[in-house]
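Below are two complexes that have chain A in common, paired first with chain B and then with chain C.
After this line comes the complex of A and B, so read on.
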């Protein structure tokens, strides 16, 4: 029995707990991508850098609050700066929509035009973020770092293996659940949410029923900005903020959105966890887990690692390609909101 | 007409070049990465080398009063093609007698193979540490006042075994430096009877190292050796390993020794240990004083640069010639015992002794002792993290 618990603790410490946190962060990012795709009908390549911009604004706010001596006790100060980050990002995406995307929407340009435009926006944001906060790592997490430390867990349970849960990991999960619940309530229960779904389902029919398209577009951008900022701040709190890593997050986030079925919010969440657990699960070395579960003589000599950790990014890419080949609509039959 | 003008200009340029390069002057190339990843270190390194050259010139003792004239060129540290082109210019256009440089291991290898060896030019690098440079085909022209990481690997293995460590897990930053150092540590540690449970690379510049830490933890070991950079992936690995309780004690090689690491990690790093190049004693202190009076701060590898330039001058004096084929063989002679020990700022005395037919044992700023194929034996500062600060335990 103790062996099974030890195996679970090792697995939890190195795969399950980080996977849940990472999966929640990817899910929030993929939700933003999927919403833009559902309503505006293009793949927004600038989403990773929008996340970076929102996080940067929140970090600047955090520094301001810290300098003013305002904090949240055991919780990170960045939570207080979150509204500021969301507001700044909302302003930014509304500006890009007004001056870049709107013109082409009126002309009904092809989706590929929008994709190219979003790549342009991506590069501009890329530079903007680096200009303001620099290309280096920024750590802005404060407050209590751990909920339970590995050593305390060992002492508490008497197990040989420790389990660490960091504050930011639990916080990520709680905030992600709250945000997703609010989003689904909004989409299913409110008039605007229903208008968005109608618009996504059939644009012309929605317009005939008196849905205001400008309003739908605006609300979609605002929600996407909020999701991007929350995802970015949670990722930055849990790991660290660096403009380049946010740009790199684009691949796993798109993979998550497509695996789940692009345009489908539930799919984006499922996709986020599928990608996160594939990345961690396939590159984890199961030697210690197997050592506890298998009888002594069968204990493995090797590391029992399927792929080196260098292949982490390749995994989301492979999943993306396989899904597009085998089931292009994704797990949840995407395309409608 | 235009062709004529260019030809005339070229002739004038050559003429003036020849006029400058009279018998009185000897040009020495200073090939360092003035732009690129180590651009913050190179100004002090160049200043160190040029200080030695000025000292020699001022003494008026080199081969009957010759002056050493430094010519700077940019190695970029990372771009082998640019470094080779810069070195080519030093050799063909400036006609340098020797090159003090290059700095990083990759460009040093390229310049040595593409320029120095084909043209028969002596190169003394102050900072290239890759073990691969020890075995390189250099025609006896290449030396370095920095120790090879093969030596650092041996020292790391010794320290670990002396602490009674049986098993280590090893991770390195995925480049020439990290790979060379990790291999050296692993080989030496296994030769001393230890076990390396895993030897795996990590990429710098990632936000999350939980997967890497996971596989290191699965392999297990008493100590985690992190051959990385303290402001990069190395810190991420250490932080991740401490957070998950995977490892408590770390061995920190030169790239990980710096005040920012204990500052970032906190008290959990206490008890970890390591070693980084560093010399002690009178010579290092004297050099720091000389640097301050010359108007610069003696940063990392500035002493090595001073020594590299000084060795070039002393070897020329010893061989009685500024031709590489003559003085290359004399470098080891002047650097090692027997002879009168020479510290920094004593180049005039050294030139006098050699001029009178005597022997010198050049110590310089970093206690130079050239071993094997002409590289510094290296002195290392052994450190331990105590109360969140780096404490020096000893030198070896």
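After this line comes the complex of A and C, so read on.
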């Protein structure tokens, strides 16, 4: 019995807990991509760098608050700076929409044009973020670091293996659940949310029904900006902030959105967790887990690792290809928000 | 025939000459060399995008495959490593091949359904486990052979010029595999898929130390041109340099760069000739027809998927050649230095700004964008220094702005791309209209 619990603790410590946190972060990012896709109908390559921009704004806010001696006690100060980050990012995406995308929307340019435009925006944001905050790693998490330390867990349960839960991991989950709940309430219950869904479902019909397209587009950008900033700040709190890492997050986020069925919010969330758990699950060395579960003579010699940790990005992509080939619509069918 | 293209090329030549005259000839030639390589890459992208409308953002991966070819062809083989681990790697390759055959056979034989999925998955997993059993000790043994210097299998010890061809073949092979799976996808899915593939190729090259030394890099690749030191020691060269009134050291550097430029230019000219011939041939007309209206072309009996695969492989091969050329010029293979912004998206800016669908436009775009990219760094630093000159030498804002100035060239590139799409969506040298203007019927 103790062996099974020990195995569970190891698994929880290295796969389940980090997976839930990472999955929530990916899900929030993928939600933004999926919403943009559903309403504006293009794959936004600038989303990773939008995340970086929002996080950067929040970090600058955090530094300001820390300098002023304002904090949240055990919680990270960045939570207080989050609204500032969201506001800055919202302003930014509205500007890009007004001066870059709107012209092409009015001319009904091809979807690929929008993708290339978003690559242009990606360049601009990438340079801007590095210019302001520099290309290096920034750690901005403060407050209480752990909810349960490995040693406390061992003392509490009497197991050999410890389970660590960091504050940022629980915080990620709580914030993500709150944000997703608010988003779904908005999409299902409010007039604007319904207009967005109608617009995504059938643009012409929605226009005939008196939906204001400019407003729908604006609101979509605002939500995407908020989601990107929240995802970025949570990821940065949990790990660290580095502009290039955020650019690289684009691939798992796209994978999550497509695996779940692009344009489908529930799918984006499911996709985020599928990608996160596959990344962690396939690159984790199961030697210790197996050591507890199998009888002594069967204990494995190797690490029992399917793939090296360096192949993280490859995994999200392989899942993406398999889904595109086997079930191109993703886990959840249909292009509806 | 408009005068626009020749004038733009003349202007570019004048700017490059000016750089040579004002900065130094060595700097100008370095820029020209990278312009030429970029031009070859842009040519490859233009084939895919301009001819056929395929949105490939995996350029970096194909360029890196070209770089690997340079290592595998030109470096001397490491005999000890071959003795230690080649058997294991070979066995693993055999296991992978057998698994692939078995899985395909099973897929063909069994009726579609849950059981087939299960059986194929089991065979693949079993094959993977077997391959790993042979592979792991082999790779470990190879990497243990003098890890500070080698620790990899080495290459074939052949002339590096051959690697340019092999690089093209590597990229073509990879593109065939990718195209087979991904080309049926919609344009934005294809973009995401190719972006992912280039990341996979890079992560393999970074982590399979037995093949490429990974992030330990392979340095000191053999060169197709003489070394500066040898030139400086050669009496005929020194005499010639003195006769021209140039310092022999500088002359040797210029001569080496000129030799590279000649090689690159030869490749570019050959590829350009082939690309133009293809574009003007019925084959090129068919490609444009497919690009402009897939459904109509298919209705006319054109094999859209087949042609797409063809052009995808050809374009990627051209990028692979350019990748091998770049690694040859650098004299080293450094997987860590490949960055999608520089190797994929910058090439895209070149093609869009230059003129997609027109080879001359893509090549001009490559020259222009590379020139701006290189010169933006010193220009940005100078600009920031000038703006903040009033702040005092050690002011934190001044230091920060000057340190950050190089990143502004990203902003510049993005702005150029966005502005080009808005104000000159066809590029500086647009695609020539092929149809004769409709004549009013005579009455």
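Please note the rule applied: the second predicted complex is superposed on the first by the 336 of 337 C-alpha atoms of A that agree within 3 Å, B and C clash if a C-alpha of one lies under 4 Å from a C-alpha of the other, contacts with A are read in each partner's own complex, and residues count from 1 in each chain.
In this text, a residue touches a chain if its C-beta (ideal position, glycine included) is under 8 Å from a C-beta of that chain, and two chains touch if they have at least 3 such contacts.
Since the model is a prediction, treat every value here as computed from it, not as a measurement.
Contacts of A:234 after superposition on the shared chain: neither chain B nor chain C is touched. In the superposed model, A:287 makes contact with chain B only, not with chain C.
Of the two partner chains placed by the overlay, only chain B lies in contact with A:149; chain C stays clear of it. When the two structures are aligned on the shared chain, A:308 is found in touch with chain B and with chain C.
By the document's definition of touching, of the two partners only chain C reaches A:111; chain B does not. Residues 308, 310 of chain A touch chain B in one complex and chain C in the other. Against chain A, in their complex, chain C makes its touches with residues 53, 55, 57, 136, 181-182, 185, 187-189, 191-193, 195-197, 199-200, 203-204, 206-207, 340-341, 345, 348-349, 352, 403-405, 407-415, 417-418, 421-422, 425. The touching residues of chain A, counted against chain B in their complex, run 13-15, 18, 22, 137, 139, 146, 149-151, 154, 162, 164, 166, 235-236, 239-242, 244-245, 279-280, 283-289, 303-305, 308-310, 312. Within the complex formed with chain C, the chain A residues making contact are 42-43, 45, 100, 103-104, 111-113, 115-117, 119-128, 130-132, 134-135, 247-248, 250-251, 254-255, 258, 302, 308, 310-311, 313-314, 316-318, 320-321, 324-325, 328.
By the touch criterion given at the top, residues 174, 198, 200-203, 205-208, 210-215, 217-220, 231, 236, 243-246, 264 of chain B touch chain A in their complex.
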